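Each chain gets a letter, A, B, C, D, E and F, in the order it is written, and its residues are counted from 1.
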Amino acid sequence: MLLHTVNKSPFQHAALGSCLRLSKDGSAILLIEDGVYGALKGTKISSDIENAMKTKKVYALEPDIKARGVQDRVLDGITLIDYAGFVDLAAENKAVEAWL
Amino acid sequence: MLLHTVNKSPFQHAALGSCLRLSKDGSAILLIEDGVYGALKGTKISSDIENAMKTKKVYALEPDIKARGVQDRVLDGITLIDYAGFVDLAAENKAVEAWL
Amino acid sequence: MSEEMMEEGGGGVIKKFCYINRKAPYGTIYALESLEVVLIGAAFEQDVSVVFADDGIYQLTKGQDTAGIEMKNFSPTYRALEMYDVEKLYVEKESLEERGMTADDLIVPVEVLSSAQLQDLMEDQDVVLSF
Amino acid sequence: MSEEMMEEGGGGVIKKFCYINRKAPYGTIYALESLEVVLIGAAFEQDVSVVFADDGIYQLTKGQDTAGIEMKNFSPTYRALEMYDVEKLYVEKESLEERGMTADDLIVPVEVLSSAQLQDLMEDQDVVLSF
Amino acid sequence: MKFGILVSEGPYTHQAADSAYLFTKAALEKGHEIYRIFFYHDGVNNGTRLTTPPQDERHIVNRWSELAEKHKLDLVVCVAAAQRRGIADAEEAKRNGKDGDNLAPGFRISGLGQLVEAGIQCERLVTFGD
Amino acid sequence: MKFGILVSEGPYTHQAADSAYLFTKAALEKGHEIYRIFFYHDGVNNGTRLTTPPQDERHIVNRWSELAEKHKLDLVVCVAAAQRRGIADAEEAKRNGKDGDNLAPGFRISGLGQLVEAGIQCERLVTFGD
């Protein structure tokens, strides 16, 4: 499967929406940089990502989460990883698609 | 009143939405660069701009419209202007706010 | 560099300056470089308002820890704005709500305004700088 | 510049390369510089697919006239892709519909795929380059 | 009328630099005064003389230099933004111990105060960015 | 595993350059090979030696140069993108009639073919951009 990375805020950009629409069930989605705002509870897009999590695995880069001070708001079921974990995900999946 | 400029595609960015929400009735909105995609008929955001046109004046920069090959799709009621017209609008309004 | 000579170049004019912050910190540099303008601008003794809307409110999130991305955490600087006599900080209510946040989640005291109130505030400005 | 020596550096390997274009032309340079990669990449004789989705479909709009913004109109170059043996051009149906467009509005013949078909196509690739 | 222009993005990558140039030219043609053009964020990259765009593309940097010479424009590159991005005149380069400089003719490097001052002095400040 | 990295944005303005660096470092620490790091679009601006960021900020360009020296990395700046944006080594500068150059140590300028070739040779190509 492909690893999909999303680095844009879902409140400002359509990138996360496009990724969710065009990624296959069973694939992995990694939220990085401003993309980590998509990993949070209680926002207007939380239900979109919760729906996606029924069929896809969602990760968020912990250094980016902590930088933004949102570590206490991460949705249950999202796996936090560090850069080493990002490298592992890239290696485990067949190719990496960046939703720029 | 303020002149509001929007230079982002409404399909990729939230800038046009923020501009419509935070600009006052009676003010002028000028679509430039990729923002001109917001001036077109038959798109999923056409009704948003049509609603806005009930209370605000909407302009689009013709050189940007033509560059993108969309001159035949512009919504009725949107005024096309050139750079000289842009300068006039900036001069006529009290200040210019760019929705970046 | 003739900057020092120009710093007081306003010549007694006082204008209403509004800085509008709509972008999140760290993902791009706009938030940091906007703050640098506000700090420099404070020396000109204008009537300054700073607005945070859309993702700009994330600039003020408490508990930022940037060690893991090797960038400087500049959020404490917002607390210093008061010392520069930049005291009018506004946050849009709708932007907070969309993100499930309240003013309590922010690192500095702010005035929360509705979209309609913010429209009035911005309409009243002489100079609007957007970042 | 040792580029010429490296141009054939593939050493007989044939991979499935997919270029994904999701940005409009002219507002940013990504569309133009993506096209430059596709043209250079054609010399490597890989199995190339070019996908246009989201605002990327605007790259292919007929009737572009850039004289008024003093930029080069690069849309005719998409017609030249065939001569470089880049023949698999795909456009997402949903992206067209959201913009009120059909394949007839585009400057080159393309295959229109649903989101689901595009998912399958992308999942089948070895290398995905996004612009 | 007295205009100030803020350019926040670099050449070629975003259209902002083009829009700012065409707006400035149109304002001058209409008889307005351009008090200052301030280059901030990646906008400072408009001020490097080392670009060599393809022959069939507009030369954004030279276009600014020529317009500045013709109309005596004040093109100001923000020093703090320039230091982060590697834009330097000979004086800046020397001060920072660099063995080269790249500022284009017609541009000068100065502080952020020049932007605020333009906001005070100009009747309109128009921003082109991303 | 053999990785290629594509960096599409310049230093400081977008986090992409930081993310690419931290990913590369983590990959090296895990024993992977970094076949090449290719700088395209504004990413070419990572390769200027003229930056002087504030003392309390990371030095993005020097960080690349140091990592390249330590791990013998191949840092390739796209020539076409570099010409548009004013990044040049001594040879490029001479060819284009420029009176200066600014390429940082550890970087080299080459063609876009180097990106495609990295896509062919590497088991994974990871893009950092905007």
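Keep in mind that, in the parts below, contacts are C-beta pairs under 8 Å (C-beta built on N, C-alpha and C of every residue); 3 or more make two chains touch, one makes a residue touch a chain.
Please read all numbers here as calculations on a predicted model, not as lab measurements.
Chemist: From chain A, count the fewest steps through touching chains until chain D is reached.
Modeler: 1
Chemist: Give the chains in contact with both chain B and chain E, ordered by label.
Modeler: C, D
Chemist: Sort the other chains by how far their Cα centres are from that of chain E and give me the top one.
Modeler: A
Chemist: Measuring between Cα centroids, what's the chain most distant from chain C?
Modeler: D
Chemist: State the pair with the higher C-beta contact count; candidates are B-C and B-D.
Modeler: Pair with the higher count of C-beta contacts: B-D.
Chemist: Where chain E and chain F touch, do the two copies share over half of their residue numbers, giving same, or under half, giving different?
Modeler: same
Chemist: Rounded to a whole Å, what is the gap between the Cα centroids of chain B and chain F?
Modeler: Centres of chain B and chain F (C-alpha means) sit 38 Å apart.
Chemist: Need the CA-centroid distance for the pair chain A / chain F, whole Å please.
Modeler: That gives a centre separation of 26 Å.
Chemist: Using mean CA coordinates as chain centres, what's the gap between chain A and chain C in Å?
Modeler: It comes to 28 Å between the two C-alpha centres.
Chemist: Can you list every residue of chain B that touches 2 or more other chains, as numbers and ranges?
Modeler: 7, 11-12, 14, 33-34, 63, 82, 95-96, 98, 100
Chemist: Could you tell me which residues belong to chain F and also touch two or more other chains?
Modeler: 12-13, 15, 19, 22, 41, 57, 80, 84, 125, 127, 129-130
Chemist: Can you pull out the residues of chain C that are in contact with at least two other chains?
Modeler: Within chain C, residues 22-23, 26-30, 54, 69, 71, 127-128, 130 contact more than one other chain.
Chemist: What are all the chain pairs that meet the touch criterion?
Modeler: Contact pairs between chains: A-B, A-C, A-D, A-F, B-C, B-D, B-E, C-E, C-F, D-E, D-F, E-F.
Chemist: Can you name the residues of chain B that touch chain D in the complex?
Modeler: Touch residues, chain B against chain D: 7-9, 11-12, 33-34, 37, 40-44, 46, 62-64, 66-73, 82.
Chemist: Residues of chain E touching chain D in their complex?
Modeler: My answer: residues 12-15, 18-19, 22, 56-58, 130.
Chemist: List the residues on chain D that touch chain F in their complex, please.
Modeler: Residue list for chain D touching chain F: 1-3, 6-7, 9-10, 13, 15, 17, 29-30, 33, 36-37, 40-41, 43-44, 46, 127-130.
Chemist: For the complex, which residues does chain C have touching chain F?
Modeler: Against chain F, chain C makes touches at 26-29, 69-72.
Chemist: Going by the contact rule set out above, which residues of chain A touch chain D in the complex?
Modeler: 1-2, 14, 18, 21-24, 27, 94-100
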